[in-house]
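Below, chain A partners chain B and then partners chain C, in two separate complexes.
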Partner chain A sequence: MSPHASTEMAPDLRKQRRWGETAIHALLFLFATLSILTTAGIVIVLFSQALRFFARPEVNLWAFLTDSAWQPQIDRFGIMVLVIATLITSVIAMIVAIPLGMMIAIYLSEYASPRTRNTLKPILEVLAGIPTVVYGYFALTFMTPLLQGLIGKDVVEIFNVAAAGIVIGILILPLVTSMAEDALSAVPDLLREAAYGLGATRLETALKVVTPAALSGLAAAFIVAVSRAIGETMIVAIAAGAGPRNFDSWSDAFHNLAIFNPFKAAETMTGHIVRISGGDISYESIDYDSLFAIGLTLFLITFALNLISRRVVKRFREVY
Partner chain B sequence: MNIQTTAATYAIETRNLNVYYGDFHAVKDVNLRIHKNKITALIGPSGCGKSTVLRCFNRMNDLIPSARIEGDVLFHGKNIYDPDVDPVQVRRRIGMVFQKPNPFPKSIYDNVAWGAKINGFKGDLDALVQESLERAALWNEVKDKLDASGYSLSGGQQQRLCIARALAVKPDIILMDEPTSALDPIASLRIEELMWELAQDVTIIVVTHNMQQAARVSDYTAFFTVTPDRTGYMEEFGETPQIFTTPASKITEDYITGRFG
Partner chain C sequence: MTSYFPEGDELQKFVKRRRQKGLIWRSLFLLATTLGVIVLMVLLVTIINDSMGYAAVAYKIAPDELVVGFYRGMMLDAPRAQTYTDLDDLARALAGNPNAVGLLDPAAFQAHADILRQVQVAGGDLSGVVVAVSKDNDWVQNVTILELTPLFTVAETWSDVRPGWPDAPVHRALPEAGSPALDAFVTQVYGDDPAEQPIEALLAMLAQHRSAGALRQFVAEKPLALRTQEEVLAILEEQVLEPTVVETWSLYESLFDRAAIKEAAAGMPDAHLEFRRWITWDFITSPQSSQPEYAGVRTAILGSLWVVFITLIFAVPVGIGAAIYLEEYGSGSWLDQLIETNINNLAGVPSIIYGMLGLAVFVRALGPLTSGAIFGVGDPTTSNGRTILSAGLTLGLLILPIIIINAREAIRAVPQAFREASLGLGATKWQTIWHHVLPNAIPGILTGSILAISRAFGETAPLIVVGASTAIFLDPSGPFSKFTTLPIQIYQWTARPQAAFQNLAAAAIIVLLALLLALNAFAIYLRNRYAVRY
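And then the complex of A and B:
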């Protein structure tokens, strides 16, 4: 009998049509596309509306980038005073959140027993559920008096960027901690054992092996946190001040570094947007158009941060 | 026998060593003497506690929260589980090589230098790195790419890098936990040859699943097995040729001749 002539029936190996698979594939693809289209839509609206602002005769791009005051009433649109206010609150927030968040994350991931970790982490994450308006009043009615008590009422104004920045730091702390802890925990135990096996202490293992290996995840945590701090609105709207910190000229602004004084009031980009758009603003007004210019600036800043951090992480991360 | 002669002949020894994981009695009553500058193989079926015993020698079990150790592990006449002993110091004298090669995600140079650096090494680091890589029979393959990541090497090279890393700390003893189980036969053989060379001035304790390897490489063999309630114990210990040709115990003989395990 030849090897090909089998009495058994050949099994059916033909390609089968699976309509369910195809339909699910298409559906999921549709949803994925939808999220991209939504983002694209937002960016398009931002750009086109911002373009209307820059097309106005009262506005020019150079003055927008270099003027030392944001006073729409007299056609001064210097975005830098708002940007600098945002920068100060964000930097203060990061100074609070990153060291503290890293320390808590290293404790939870490298020192705490599983039981402690499983109790502490959910509690920390509850903090993230508190509405930001509560944090805003916490800044105004607790942090500001505290700062006034510590530093002096004559130095610290009722509305000031320091209190807002510190409280934003507290707001993003759970985010930083949780993401950083995830990044540290994801480092394989093999590497920890290698370090301990060479006579490393817990601290040496945590700082010199686990942290460098987790760098890309940690950087992602910091970027998300910075973006959140820059975009935070309610706290600055309530506690930081209700008007841009304007100066006649940049030499005034840098005199005694007045523009960077954290204990005085200032309005951030987000704070300004929420104050202007909250009132009876009309669609055709220059104020309305200016909001999109500020929004676009915000978007570009966070976008640039993302790009830069990706580069930095690529350069320094340790691939295991 | 007094402690003086013990310390001179044996690199490390256990007395009535018992290990528990929570309520589970993992290993019972191990009395094992490891001869200086010899290779001792720990063999036995899965779950017999040979890796657990190995990890008692440099207190790696401390990292498992539920683990509890009873009995003594004497190193230079001192019980390393005494309350006044620092496990970090113990691990600086007793190095370890793991089952899966686990180089740090750093350069080849930094991998070797790392342990010495954290231990406060104050000499010529370049020379130490070269010497350690040479002793691990890896220098010629990596001398032109010391800045490359440890992960750019093959599995066998990674394992030799891990051995070089352990050697750079100048340990008295190196523990090897199935060091070749993730490697191909040729890479495994190179590690075995390396173990022979290292045993001239280092004591090696190796856990292995591969009985041919134990027979080839070791001077002494300890055979572990389990009781019906899954507690591991040492069934027999002796010079390797004796264990493999004329084992005293029937269980050892059955295992060695492949009747179980």
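And then the complex of A and C:
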């Protein structure tokens, strides 16, 4: 083939329309947009069904936000009792997971030798890979009897919020640990060396130099963990109780802080959704519509938390 | 400047104090880490602890009574069998008849040793009972255990038992039913465990305790000649023994608190204490049942596999495709950025929300499709869309962001030089991706996908919302079947009040964890086997 021929061929090839390439490009684009469709689907489904719920004559938005009981049988739909139960389990979970997770993260990132770290991290990852239903079983058959033994059977009910909360804390511990450790490890060694050079001990370096420098990442880790705790379902469905903790009025609810008692049964938003949808419910019933109102509340809370965490990382990130 | 830095002795103390503080906190950090590991241990130990241990089982007829009663009946009904309430009468009657053989307890035999002769049983004498003949009997010196059976049941003449013996009819002198000597004889000669009995004896026991109609039905299902001893045994257990677990104990209690268990079991009428491993091969291969004694996880395992299979063929190609688009074709336009942000946000949505999406979209809106009705293949009982297909698609959406995020990282790790070299040689974009980027990224993509699949395998909440069946006894037969999965089975068993279901839940958890472990080990193997460093 002469050199002349090949230079003539090249422009032809470049101009050639490659339908296969275009089709593949389009197909891959379609796959990528499926995620947007998913989000759109979630938003549309939750809003439209929730709207149907609020359009019903027996429901009004004000009562939904302020009533002190969730009793569909007598048309009382006060989401706050479910939200408060969710918050109690989440707060208990964070009380367990944040100090413990921070301490483990500091140990792994600042103290442990690479060998220790490489042994311990996979073990914590195993903890993260166990299905939540197993944690639910653990909460019911181990944590509840343990609490009953420590505090007393007359105080701690068989289904209680505390056991569920503690076990959720254990569940999210690996998440907190690995995100916090990533944040701590991302702090440049320069800062540590400077602190040592000024005579700081290892502890002082870890707590007063590295931790503040990693604060944005740590905050994001905590927020993601809270969001995970709020959305956690199986543990509360198994161990926390099978009915909302209802009160006639808010003054009853706050009498002796009864609504915050962690040793009694209560139902969270997720627990309620699972229990109601577990039976065969009619698509026309108010129960079915109410699930989507709860789902919407849950979605908005976790979505807001995820957005905040992203903002926190962006805004407060220290750039080195 | 108000700050003050100590000097001299005070400096030494100051430094020492700080060092001590550092040491204390260091131990606290280590303690916290250890605690994390301990929690994992406790979790596993709790589950193993619940998966085996003593169980108090109540039978309609106890297994040993069934066997002993059956052979006792056969002996008492044997030709020319005579029972005696008074063993002295028995001994005198036996002594007077050289063709008779008899059973009596050692004390009674000693008292009449002058007129009776003990027959030696080959392979060791029986305890608590003596086989005896009259002093006038001059042919029986010893018998084998095998010869004892016909001798006391079906044999008409002595020569039937052993050819060398005379052709005289066998007479049998037996103590009355319920006497210790007779029971001792039966348990030692025939045993008292149904599992050790030959198939003919088991069938006879079945005939004895079941109506003729039930037996005919049993034969009609499958001819007797084709049945194995195990099958007959299982039927016997289910229809005659009818065990029910009354109470169970954990492994720890069974090992260290046996006295208390025995005491508690003694207080339960008709209850037998058995050591039970809840996780057995039968448990894995049996279908779901409402009775804890027979319940298994086969239906749930098959359901899980079907659902995960649908998830796999939906989410893995789509996830990898989306990742390729974002990494290789994405131009950073607002749409690409929106997709990217959106995927990160989707990863943070609680799984139960996906369940609600699946319920509204796959089960209700696409019901005719997911129930198989428009293909005309659907099971009429499941025409409501609560099928394996709906569940698989729901879980597919759930793990899609995870697959995309992992696959993007793997694709990004392929050096740019590979792409440039390929494009420089005149390959098209897709040729470059297909022949150079994907083969190098595939180990990372597979590892990430397997981890995502194992997440789907353990997922429970969205499937409950999508409508996993509460009680399903039939194996799923295809994507349009009703389903249950292993985690859902665990959830339902955990929620039951009876103790035995808790043990079943623990056993099912072990099965689930073993399957997940195998999946993860496979992912780690792939990572180590094919990991490439550039």
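In this text, the second predicted complex is superposed on the first by the 272 of 320 C-alpha atoms of A that agree within 3 Å, B and C clash if a C-alpha of one lies under 4 Å from a C-alpha of the other, contacts with A are read in each partner's own complex, and residues count from 1 in each chain.
Methods note: a residue touches a chain if its C-beta (ideal position, glycine included) is under 8 Å from a C-beta of that chain, and two chains touch if they have at least 3 such contacts.
Just so it is clear, the model here is predicted, and its values are computed rather than measured.
In the superposed model, A:190 makes contact with chain B only, not with chain C. In the overlay built on the shared chain, the residue A:141 is in contact with chain C alone; chain B does not reach it.
When the shared chain is aligned, chain B comes close enough to touch A:208, but chain C does not.
Judged by the touch definition given at the top, the superposed model places A:28 against chain C, while chain B stays out of reach. When the shared chain is aligned, no partner comes close enough to touch A:128: not chain B, not chain C. Once chain A of one complex is fitted onto chain A of the other, the partner contacts of A:270 are limited to chain C, with no touch recorded for chain B. Of the two partners, chain B and chain C, it is C that touches more residues of chain A. When the shared chain is aligned, no partner comes close enough to touch A:155: not chain B, not chain C. The intersection of chain A residues touching chain B with those touching chain C, taken from the two complexes, comprises 201, 204. Within the complex, the chain B residues that touch chain A are 58, 60, 63, 65, 88-89, 91-92, 95-96, 98, 100, 102-106, 114-115, 118-119, 149, 151, 162, 165-166, 169.
Partner chain A is touched in their complex by these residues of chain C: 18-19, 21-22, 25-26, 28-30, 32-33, 35-37, 39-40, 42-43, 46-47, 50, 317-319, 321-322, 324-326, 329-330, 338-339, 342-346, 348-357, 359-361, 364, 397, 400-401, 404, 426, 428-430, 454, 457-461, 464-465, 467, 470, 487, 490-491, 494-495, 502, 505-506, 509, 512-513, 516, 520.
Residues of chain A touching chain B in their complex: 113-114, 188, 190-201, 204, 208-209, 212-213, 318-320. Within the complex, the chain A residues that touch chain C are 13, 18, 20-21, 24-25, 27-29, 31-36, 38-39, 41-42, 45-46, 49, 99-100, 103-104, 106-108, 111-112, 120, 123-124, 126-127, 129-138, 140-142, 170, 173-174, 177, 201-204, 224, 227-228, 230-234, 237-238, 270, 273-274, 277-278, 280, 283, 291-292, 295, 298-299, 302-303, 305-307, 310.
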